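Chain IDs A, B, C and D follow the sequence of writing; residue 1 opens each chain.
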Amino acid sequence: MGKIKTMILVLRNDISEQELSHILEKIKQLGFTPHISKGIKKTIIGLIGEQAERYREIFESIPGIESISEIELPFKLASREFKEDSTVININGVEIGGKEIILMAGPCAVESREMLLQVAREVKEGGAKILRGGAFKPRTSPYSFQGLGKEALLYLKEAKELTGLLVVTEVMKPEQVELVAEYADILQIGARNVQNFELLKEVGYSRKPVLLKRGIATTIKEWLMSAEYILSGGNYNVILCERGIRTFETATRFTLDLNCIPAVKKYSHLPIIVDPSHGTGVHDYISSMSKAAIACGADGLIIEVHPSPEDALSDGPQSLRPHEFKQLVQELRPIAEAVGRKL
Amino acid sequence: MGKIKTMILVLRNDISEQELSHILEKIKQLGFTPHISKGIKKTIIGLIGEQAERYREIFESIPGIESISEIELPFKLASREFKEDSTVININGVEIGGKEIILMAGPCAVESREMLLQVAREVKEGGAKILRGGAFKPRTSPYSFQGLGKEALLYLKEAKELTGLLVVTEVMKPEQVELVAEYADILQIGARNVQNFELLKEVGYSRKPVLLKRGIATTIKEWLMSAEYILSGGNYNVILCERGIRTFETATRFTLDLNCIPAVKKYSHLPIIVDPSHGTGVHDYISSMSKAAIACGADGLIIEVHPSPEDALSDGPQSLRPHEFKQLVQELRPIAEAVGRKL
Amino acid sequence: MGKIKTMILVLRNDISEQELSHILEKIKQLGFTPHISKGIKKTIIGLIGEQAERYREIFESIPGIESISEIELPFKLASREFKEDSTVININGVEIGGKEIILMAGPCAVESREMLLQVAREVKEGGAKILRGGAFKPRTSPYSFQGLGKEALLYLKEAKELTGLLVVTEVMKPEQVELVAEYADILQIGARNVQNFELLKEVGYSRKPVLLKRGIATTIKEWLMSAEYILSGGNYNVILCERGIRTFETATRFTLDLNCIPAVKKYSHLPIIVDPSHGTGVHDYISSMSKAAIACGADGLIIEVHPSPEDALSDGPQSLRPHEFKQLVQELRPIAEAVGRKL
Amino acid sequence: MGKIKTMILVLRNDISEQELSHILEKIKQLGFTPHISKGIKKTIIGLIGEQAERYREIFESIPGIESISEIELPFKLASREFKEDSTVININGVEIGGKEIILMAGPCAVESREMLLQVAREVKEGGAKILRGGAFKPRTSPYSFQGLGKEALLYLKEAKELTGLLVVTEVMKPEQVELVAEYADILQIGARNVQNFELLKEVGYSRKPVLLKRGIATTIKEWLMSAEYILSGGNYNVILCERGIRTFETATRFTLDLNCIPAVKKYSHLPIIVDPSHGTGVHDYISSMSKAAIACGADGLIIEVHPSPEDALSDGPQSLRPHEFKQLVQELRPIAEAVGRKL
């Protein structure tokens, strides 16, 4: 069994529609799925497969192709080699990966309708564009609160209608994807499922944007390989989310690894946001680490906000109160501007 | 929402069947599932739930109960407090957790019928009791060999019939459990799925023994919590498997953490085996670490054996050749005896 | 042997000089060294020792003392409980820990007189206040360049006279302290010596400010304990420096742990700076991580600058060129302002 | 500056003394220090230096040399390439690295004369050959017991005279080496000083055997580089000691990394022992991990023994009582025999 190669066909800028159709047809004829990447300067098509390189000669003689190259990195569609321009994901006008810093906020778990609607209104007021809230909750203990399930999805939908916020919520198993996709604008894959490949494949078949959290012991390369599972299924709308890695340090619950921001930006075109709530696990450090995240290039933040953190059913100690969230957004704005972004 | 408590009812040795029935009925009436643990000296019943302790008085006055206590650890059914005697899992006469060291061996992935049957015969000859072989393979890259799937299950069944070996193979998603359970004697949960709670719940409903691998960044406590997910579903046949944790050291692929053997034995009654192949990732260290594992109390080993490791579709560099496996078993025998076990 | 206690005597604001002298005399009489902390609101005296608490009653009756309390944390003099106001270290007018962000820059190792003088002029021009440069170099291999030693100290002195920059350089063994202190304004303790307690004691007896780098596997608590070694020797001028911890991630040489900035600020009054060069080990990430460090509250940066990184005798790949350093300072300025600092 | 090369001159078995002298003279003439390794089959001479390879031609024409090769690994004198046969260090008849498993035992710190003499007699009776006991103690806190210092060295000497045990004790700074070497048979370098290069150089100039503990975040390669510092000073008697690395797991104080035993044995000829007391930090796991260490090839163990661990001034919870130590030795014997060693 050979090493997987990825052949890149760079199209001529003056390619005709007919030529393009011909190329795509040829690719499918050979048994490959064509992955198209339209850049500002160039459009390219990626062919991924075991013997992709064997057909190089065929494409060399087809009109409309300027040049042919190969991607050496283990991740292909996720790489900057495949797509030079940074990906901007547009969901109903909210652009993730663009000039604007996007804030996602809300409670760790949806605990009740009233609480969710209250928090939704507050974070909207504060400047959030997307509402977070767990309906299905992965919990270390089988005896801990596991989320309200479908009931929570209904509340999220109501909150969305009420506030205009988009909704992101977690999906935990393949057969849940369809249900969650009905209610959510973004499907979240949690840190524990970053290498749950069956689930990755399933959301790869969906056309909903996916928020892919990094696992607590996942290298950046492995993480981009997990993104590749989703992209190779045809779903190109993947948002990465750094949420802390496990190290020897115990002063923080996890070690938020901001180094991954410039590293991901170097190797991949995908947008990346930061979760300072899970990443530190300490209420008092959320503000500082949010600022640092924006300063080093994150495209957004996902922050836990709860009206009374001390009563939260899950992850209270790392949640901001609504007024603290609003205060934080005020403080983030000049930093966003200092790095040429807006908020 | 209160902290989960576990109430332990220690039964009198002279309890009558009628008294026992009455107790079980009462437990169900109150909305709890009774978990029974029959020890050599005592039989106990565990009640797990949010307000379990509220009903203490009720049980204090019921005949047949000698004493009532509580489990403080976060894992309940998995703890030695719940079950003092070590669990021995008997599968068609093969006892895991008993006096005998049990060897599981076979290829990383089932690659073909011929190869599997050959390896099965060889490892049987060498002293293995259980055949390992992946049908569904979790791979970091979507472009790597993903396993033969159902075809492999058929080969495993054939190998079992031919050699009398039991079969262990991995299950990767909830809806696969039923299919895999038809062919396998033990369902394997891989390291990457150690906190795939939906999958844990599903195998908890099954009655097939489960081999639960530790995640690469899973603490011993979290691992026992994952076992608790399975036990609390009613499936008490869980075998733990240490397979290396991720550390800063790069001389080995992972750091096989043998310290977890005495730690697990202290806190839990569940049997535990060791995977020196994945744990080190280095062919040359498998023999030494197998010996160490037996010396410090492991109940068995799971070892990758491949007729020509250099051609393996997955994890070749960490596989033993059949004759090396046989040689290793010879060397393990005196160590097993030195610690009062047999092989 | 009892647990070490630290008794804190909070002085009355209207205490007379005579009363203060009496208290200090009493403390010495009892065999303790008094550590004085003058805050904006209050002045306190710390007594550290095995039976400090035994003498509580004595002090309760001495005039001039407002109240008596104890520090529970294992680090005493380094804690915010001992000294509420953040420490500002003034070296010839350069204030570390004050409103201004302080930049330290220069080559990893002093390689030649010409190179050092050139870099010194350039970083001064760029905005640095302190020149870094290794004279004695700790190297993993005994066969690697070990530094120019005393010769380098002379060049550093010359560079200082030429540019007005202060000088920070590493000291590697107790008997070197005196020599290095003659030439340097700040004594650097490298990451590998963070728990070289004999060296810490020696610089504790010096009155030169100390730059204490965090070890690659040192918890924040242990790090503050190492600072305590220096403080308890009577040298209160300790600057902490985060330089990356060792984790499983290999995309960066170390994982720069910015979470420690708000954590140290919470528990300690000592100033803290960040070393993005060693912390990431990747030239391309230095700029982003420098911005993040300022955004989350660091009091300064220490950055490697080399005129031709590709020829450096040590750590070339993580050095900025002089013009890159100047460019970076321009980009850092608006971030410093966004968090209420200046640069 | 060029990469350091190491040229290996393999001598002819029938080399004359005159030829050998000529070769050594030539080497010194060229400015190198010759390192001689006499193996069972071959004697080789290593030349380490920046341009060693430049002189290849010169040696090619000198009589008595069979062949010339180069060592590619970063550690040279510590490598099996330089010395194929495992090093056996003989100290007054006690052989470390030979067939016999060597036990070192005693208290963490020397606390009093009486206690030390009592423990010495007991561990001698139990089968130890070497007495451990800290005179100078590296402690995280400046307020913790720092050891009795020179007084403890006198007690160790007395215990040695009384029991015939050899003595190993820690040295913490370069200027202590001479003093400690007067009293100790083996100089211990603690984990925190594994990259205290000035200290390594100093013990490299000594001719006393050195016990070099691995640091808590030191890779095997870095550890062997630290050994290289000592060897390159001319002290070839280095014993490595694994004592646990820092990982995310908190069930043990450190993660004893037994994988390093076969790894070190593969890459180096130096003997290696294991410290299960510091390695686990848990009394109950010491026995199991001692067995595992012997089973996977360790040449010895260093175990903390204290008459009343609950009163120990340092590291009590990880000490065995004298009778537990004796019991353990009984249990280790059959394992040693199972792997072809004796005890």
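The criterion applied here is as follows: a contact is a pair of C-beta atoms (placed from the backbone, for glycine too) under 8 Å apart; a residue touches a chain by one contact, two chains touch by 3 or more.
Fair warning: this is a prediction, and the values are worked out from it, not measured in the lab.
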> Which chain's centre, taken as the mean of its Cα atoms, is farthest from the centre of subunit B?
Replying inline: C
>> When I count C-beta pairs in contact, which pair ends up with more: A-D or B-D?
In response: B-D
> Roughly how many whole angstrom separate the Cα centroids of subunit A and subunit B?
Replying inline: 34
>> Roughly how far is subunit A from subunit D, centre to centre by C-alpha average, rounded to an integer in Å?
In response: 50
>> Averaging over Cα atoms per chain, report the distance between subunit B and subunit D in Å.
In response: 38
> By residue number and range, which residues of subunit B touch two or more other chains?
Replying inline: 217, 246-248, 250
>> If we count contacts the way the header does, which residues on subunit C are in touch with subunit D in the complex?
In response: 1, 4, 48-49, 74, 76, 138-145, 172-176, 192-193, 195-199, 201, 215-217, 222, 225, 228-229, 232, 246, 313
> For subunit B, which residues are in contact with subunit D within the complex?
Replying inline: 217, 219-221, 245, 247-252, 255-263, 266, 279-280, 282, 284-285, 287-289, 291-297, 334-335, 337-339
> Of all residues in subunit C, which touch subunit B in the complex?
Replying inline: 217, 246-248, 250
